[in-house]
Amino acid sequence: MIAQMFFIGFFGLAAVWFGVVVFRTFSMVRSALALLFSQTALGALFLSMQAEFLGVLQIMMMATEMSIMAIFMVMFMMDPGGLGEMDMTHQKRLSLGAGLVSFIAAVAVAVFVDWGPVAGVAPDAAQQTVDLGLELLGRSMLIFETAGITILTAMIAATAVAIKPNANSTSSHRRRPVSINNALDSGMRRNNGRSNRGHDEQ
Amino acid sequence: MNLIATAILAPLSMMVLILLLRRLPAVLALLGAAVSLIAGIGLLSNAFNGVAGELILPGLPDMPLRLVATPLTAVLSTLVAIISSLVLVYAVGYMKQDSEKVRFFATMLLFVSAMQTLVLAGDWILLLAAWELIGLSSYLLIGFWYRRPGVRSAATRAFLYTRSADLGLYVAVFILIANAGSSDIATTLNTSGGVAVATGLLLLVAAMGKSAQTPLHDWLQRAMAGPTPVSALLHSATLVAAGAILLIRTAPMLPSETLLVIGIVGGITTVVTGLIALGERDLKRLLAASTSSQYGLMLVAVGAGVPLAALLHLIAHAAIKSSLFLGAGVFQHSRGSTALADLEGAGRDRPRLFFGFALAALALAGIPPLSGFFSKDAIIAASLASPNALVLASFALAGTVLTGAYMARALHTLWRGETRKRNIAGLGWMSAGLAGLVTLAVILGAAFPSIETLLHQSLSENTLAQILGLSAALGGLTLGWFIPGQRLLGPLLPWAQQGFAIAGGFDTWVVHPALAIARSCEQLERGLYNAALAVGRFSLDMGRAVRWSDDRGIDGLIFSLVRGTVELGNRARTLQSGLIHREMAITVVGTALIFVATFVVLFI
Amino acid sequence: MSIELLLALITGAALFGVGVYGALSQTNLVMIMMGVELMLAGAMVNLVAFWRYLHPDNPAGQMFVLIVMTVMAVEMAVGFGVAIARFRAKGSVEMEEAAELKG
Amino acid sequence: MTTLLLLLLLAFGAYLVAVLEDWASSGRFQLAAPLLAGLALLGRESIVPRKPDRIFFEVGPVLLLISAVLAATVIPLTPDLIITDLATSALFINAALVYVLVALLMGGWGPDGAYALVGGWRFLGQLIAYSMLIVMPITAVAMRAESLLTTQIVISQAHLWNILYQPLGFVLFFIAAMALAFLPPFDLPTAKGELAGGVEAEYTGVRLAVFRLGRLALIITLAAATVVFYLGGWQGPWLPPWAWSAIKILAVTATMLLAGRMMPRSREAHLLAWCWKLGIPLALLNIFLVGVLVLVFP
């Protein structure tokens, strides 16, 4: 019990700290990976709350997601390395206020609401997995299927949005939209402080 | 009981494989059919050893889907497997030129597996599903050459006919399940009384649709638009057979009144479609019409209370009719058309093929010792033995005579006339399939006693029936050979050639009434329209009066209100910046306000 | 009222607050998405905590967490699709410059 | 105790893999070569490039090693020689191995170098290609074992090994495993020829040694996972379980090392196209077939 309490506190602290780091650092890759570690700490938190399947799943999924996040940062930010140390925030005071207010409100709810009796023991991991499987393919199959369809739709929609608009008409060379490779190269270029010509004409 | 699963899954998996690989479809299709055939034979041997298999899959909560291998279903599934594999062998040759083999063989396999499911189904729900699958795949197959003119409409027509008749099956099944409280066919079979009569009639409707009984016989002839192997499969052992199989399986529960209705419908069908066949100008359409008439004979047998005879005739007819169709397909390839006028003398080109065709035709006419003889005699004997022998027997005999007549007509046309020989691609495969089927058609008669023992029933030997049947068949043959069909029909000719549209036909039964209703509706519409116009005029006058009063007074009020709204809107627009972060900030603040408001409302 | 539950809930609240701050304060689309992810993560912590300490016998709670993960993935996919499209069109994903939605 | 033993075994295996790899690449079979190379690396000065991202630069190699070792903790060598018998071991292996990607990203970003950077991001594309092919065959395996426990999975193959029960899944998993361990022909992140070593380019001395060690551990772990999932784990006649495990693992490792030697290096675009257009449908087909087998022939 004590150990569980300690672990929950520790991993929760780690998650929050990394979450803060996400918005404190200048280097975009750092912030993406900080987000990753915050999510991983959450996975560990789930594990210490005996939700084994969820914990492992969280740890597995978030790694890929956040790495992709990182590469997008590198592609789309003007200063992914954070060498320029430029500030990329606005309406700071309002945001801080909103964050604090929501935090305090949530904590207040958490403290003052009477959560009723607390269950001591959770079913063991294998049993949990079996139950979850039966639940997914049994009572809440419809929800599960809907989630799957939703993901599929999102994939298709994202691809459709992201496809290069005029892929086949290479006639106007100078007004060709910026392609991902150029973005990657330019990200690299900015990162290294060198400048290689040849992409600038495009 | 993995044999059942194999019999169904083998074609299905092969279909999936074909669709995945998109390569060498013929080989895979033959493989699937062969495996399913082996499984079917295994089932049959089990049935001979008295082992009745059952495979129960988890289905609806308290109605599991089940596949059963009783002797009857085992025999049927073996039949389906044999016919389909031989037809597939033939199709390898027939489709040699076609560019879309993948689609063709995949659909055929889907069809076969659906039919196996239907035959082996042990409960109504699975049977319904298989029924629908058959309808779908037959639609796909009939419409296979969907680019050719008329094919699409033919496919759609066939689909709609069967569908509209399927309603009967649905209602019947729901009644049965609701009545017996279980979806198992065996348990539902011992319902009786009024429910049995009603469901029997409904099932009859479904069967009429699927096996093209009058007045729903029209679609079958149009369905000739599909490739020949398709029509061979459709007509012999699968689609059309489904109706008869349905009635044969439910025969134990049908009361006498329903049986009489069934018999009469079958009888009418066999005569009417027989006449149509006599008047036909196209070989395949002739065969199609004869199919309906043969199934009419089976219904007569069912109506006479001897489903066994119907089953035997179903089996014999399956082999015979498929071989006839395959022969017709060869002739079609050699002459490039199926019109009898073009086919004159096509038989002389290939005497061996014609010999096989003729054997099958004689078998259909019921000449001993070919298989048709025994089954037809069984039917005639059954009709003679039945309580209302007068009606049924006369129908059966008439059907036999007509059968002989149009078969002889077809043979006559094929034999007379000059020969124009032309080489055909893939003749080897085709004649292989044809030979196998003809052999079946010839020797199946020998297998009937064993089937009777398998089903623990026996047919009453009746010499009178044999004499009558034989004489009827011979008479029909002579008539058809020596007198051309048109003359034979006499005054009936025009009706027969338009498929007895007045005697039946979908159009008179549905289309004209629908049109009449539409016309009356249109009249009503017109009246309403005029009334509405009158009301409109009146209200227009009212409106003029009101506007005259409106212009004074009320407008001022309205306009001021409008101005106020517009200004409010302009103020609101400044709030809406289009910048994501500001929008989000507004959202958050708004949510917070909502929370506070609810809190206040709830607790203070 | 057990300390573990309270700790977990406070963690969730803190993550949510940080997420709100990030989503509001960042100028870059991807960073905003990070903020949203953090908010969702806070929600997930609460869900798991409620499942574990209030209804450990009901797997529906875990199912709910799975759904939230799905939502995260969907949000990533669509957000990045939009980001790519915008970067092609405008050459940046700075939200300060994106006022096309103004009506 | 078990932990210590297994870690020693892992280190020993890594050494053997190093020998094998040296043999496969240079053709000379000498047991001492890796030792000498390691000593040389330890001895050499370890340079820190200009303007690095210090944290990532240091953490990268260590994280690689850690993730490999973590994945190894749920792999049973004998029925009871396993560190943690998680209830979701089969999933946990993936979870641990995904961090190989993170390690490579860090190692590629940390040193401020173009080649390393390209290598690191390349591996991201590679992951998007292979990860599905790691997860879906494992799904099929778990379907047959009706459990995620690695021990259960091994026991479920008592009568018929999965390599015969679902060969398709084995092939896919094997290829994906090679891509995960960035062995040739999938060694995009550390391509010697085009990227001058890619992620490894900027590392020297101790860090490089740790990096290499982690990579070796990764290979041996993947081989062990293949053995557990498809080759019946410790099962086998006559010999004791641990011997069978060792033999199978070494055999699989040798196959992995030799398989890609002769092939040209694959481009990540081609890899993606192949994996998503061919691999994933095949994996789905595999799952379908296994499902039918499990249902029809229980």
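Letters A, B, C and D mark the chains in the order given here, with residues in each chain numbered from 1 onward.
Basically, a residue touches a chain if its C-beta (ideal position, glycine included) is under 8 Å from a C-beta of that chain, and two chains touch if they have at least 3 such contacts.
Remember, predicted model here, so these are calculated numbers, not experimental data.
No other two chains have as many C-beta pairs in contact as A-C. Greatest Cα centroid separation from chain A: this falls to B.
Spacing of chain A relative to chain D, judged by their CA centroids, is 26 angstrom.
Per-chain Cα centroids separate chain B from chain D by 56 Å.
Each chain gets one centre point, the mean of its Cα atoms, and the points for chain A and chain C are 7 Å apart.
In chain D, no residue reaches two or more other chains under the touch definition. Counting only residues that touch two or more partner chains, chain B has 581, 585, 588. The set of chain C residues touching two or more other chains comprises 20, 24-27, 29, 96. Every pair of chains meeting the contact definition is listed here: A-B, A-C, A-D, B-C, B-D.
For chain A in complex with chain D, the residues that touch the partner chain are 27, 29-30, 33, 36, 43, 52-53, 56-57, 59-60, 63-64, 67-68, 70-71, 74, 81, 83, 124-126, 128-129, 184, 188, 191-192. Listing the residues of chain C that touch chain A in their complex gives 1-22, 24-31, 33-35, 37-38, 41, 44-45, 48-49, 51-57, 59-60, 62-63, 65-67, 69-70, 72-74, 76-78, 80-85, 87-89, 91-93, 96. Against chain B, in their complex, chain A makes its touches with residues 90-91, 94-95, 98, 101-102, 105.
Across the complex, chain C meets chain B through its residues 20, 23-27, 29, 32, 95-96, 98-103.
Those residues of chain B that touch chain A in the complex are listed here as 581-582, 585, 588-589, 592, 595.
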